[in-house]
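First chain written, first letter: the chains are A, B, C and D, and each begins at residue 1.
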Amino acid sequence: MHDVWETRVRYAETDAQGIVFYGNYLTYQDETFTQFLREIGYPWEEMEDAGWEMHVVHTELDYRSQAEFGDELVCEIRASAISESSLTFDWRCRRRDGPVVAEGSVVHVAVDETGETTRVPQPFRDAVVAYQETPPDPV
Amino acid sequence: MHDVWETRVRYAETDAQGIVFYGNYLTYQDETFTQFLREIGYPWEEMEDAGWEMHVVHTELDYRSQAEFGDELVCEIRASAISESSLTFDWRCRRRDGPVVAEGSVVHVAVDETGETTRVPQPFRDAVVAYQETPPDPV
Amino acid sequence: MHDVWETRVRYAETDAQGIVFYGNYLTYQDETFTQFLREIGYPWEEMEDAGWEMHVVHTELDYRSQAEFGDELVCEIRASAISESSLTFDWRCRRRDGPVVAEGSVVHVAVDETGETTRVPQPFRDAVVAYQETPPDPV
Amino acid sequence: MHDVWETRVRYAETDAQGIVFYGNYLTYQDETFTQFLREIGYPWEEMEDAGWEMHVVHTELDYRSQAEFGDELVCEIRASAISESSLTFDWRCRRRDGPVVAEGSVVHVAVDETGETTRVPQPFRDAVVAYQETPPDPV
């Protein structure tokens, strides 16, 4: 997986247990996905211009450890399956100093302007494959 | 002011201090405003149908006390000024058992479909006045 | 499943697609869980007094349809499995007028005051079983 | 004012009008404040160690323009008044390419471990003054 998005835990994202509220990881997941689109050279705006968009139909997460206010998090993502009209992404969020905080997957379905399921366009498929074949930059 | 919206503090709304994060009161304020529109008989949908909407241009809040997870809150609102193209609402949020938690105001500006400032439509003004002239229901 | 929590979609919960942001359903799920604790007569406060709490370790959701601003949602929950130290809850969110919006599950693990995994206390187990054996109120 | 915090508008922060929900600017404001504490060399953790913290008692914002998904925002902050037990901060959020999106102020009160109002400690005052006397780095 490529590291594509980083964040620092915001105070508003913590809850009374002093940790990130579990629903907020989906915001992190979604921003990782958005940044992935930019990285592969097919950003959200191009999707809109091409007359399609993606809707989330499934997500699942395992919570491995807890993140607190101010923790620096690094998020990785990888398209693990591309079918006719959907894409599955594996996603992982870890603290910069190591331990995994949360990981899981999200499934997006391609829909056209009428909201109907549509084929994931070839240029998008090509962009994903080209990006993922390139190894991440060495540190 | 009329009591128009009630809520119970959600876990996701608390922060690591164990109290409602201060920004979340604007969500409460906005829902009180939305419910006010329903109460006066001029809901959001009717606004859209009539080709205008309201944009927030100013807000201010004083935080009087703190609310915790599970607290039951009651929110009051009142249009305190209607000018050519804007409305000022006074807003107050208190615990059901008494003390004020937060209070302040919010200013909305009427805009037409092109985003230009427009006159607040007469039917809306009439609905606000009629509602506010009616005393709240006795308990 | 019992209907235990209702809400109306808030403006702050919608996103630029005009629908509830997919992460916000976990806030609904968590509030349904909280209300479930109240319904079974073993609320959050009692858990704290007894020296244990629950941490989310897994969640998954299928998104079946979309909810918009102002939609009235009804959420159901049911403990589907109780093991030594964890509980799995099935959860479903539907519009009041019918269609399912999102459904899935969440797994909580019982931890003691030191953060170590602990046995789910017997009084809690009993409260869950007693509640779930009682059929929901007829409409 | 110093530029101290930057962000990119998240999808979860937009609403059905396609712009950042007005309450979310307080999350930006709070993170700007947090980063300010780090910049002056007196971070949140040091505050806790010294046995005091700050509570928000007032905030106000003027919304000058609108920010959309993906917009890059730069936030500035400046302590404009320090009294016995409170601090007022001026805050401004603008798009990287120029226009101001929102600006206003927030007032924090110093409280000790019992929650009582306390004097803002001298080391903190000194850190603020030293930082603000240093002109921002030239671009």
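Throughout what follows, a residue touches a chain if its C-beta (ideal position, glycine included) is under 8 Å from a C-beta of that chain, and two chains touch if they have at least 3 such contacts.
None of these values were measured; they are calculated from a predicted model.
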item: Reference interface B-D: repeating pair among A-B, A-C or C-D with over half of contacts shared; value: A-C
item: Of B-C and A-C, pair with higher C-beta contact tally; value: A-C
item: Mean-CA-position distance for chain D and chain C (Å); value: 35
item: Whole-Å gap separating chain B and chain C, where each centre is the average of the chain's CA atoms; value: 29
item: Whole-Å gap separating chain A and chain C, where each centre is the average of the chain's CA atoms; value: 25
item: Chain C residues counted as touching two or more neighbouring chains; value: 11-12, 21, 23-24, 26-27, 30, 69
item: Residues of chain B defined as touching chain D within the complex; value: 17, 21-27, 29-30, 53, 55-63, 66, 104
item: Complex contact set, residues of chain C against chain D; value: 11-12, 14-16, 18-19, 21, 23-24, 68-69
item: Contact set on chain B toward chain C in their complex; value: 10-12, 26-27, 30-31, 34, 44-45, 69-70
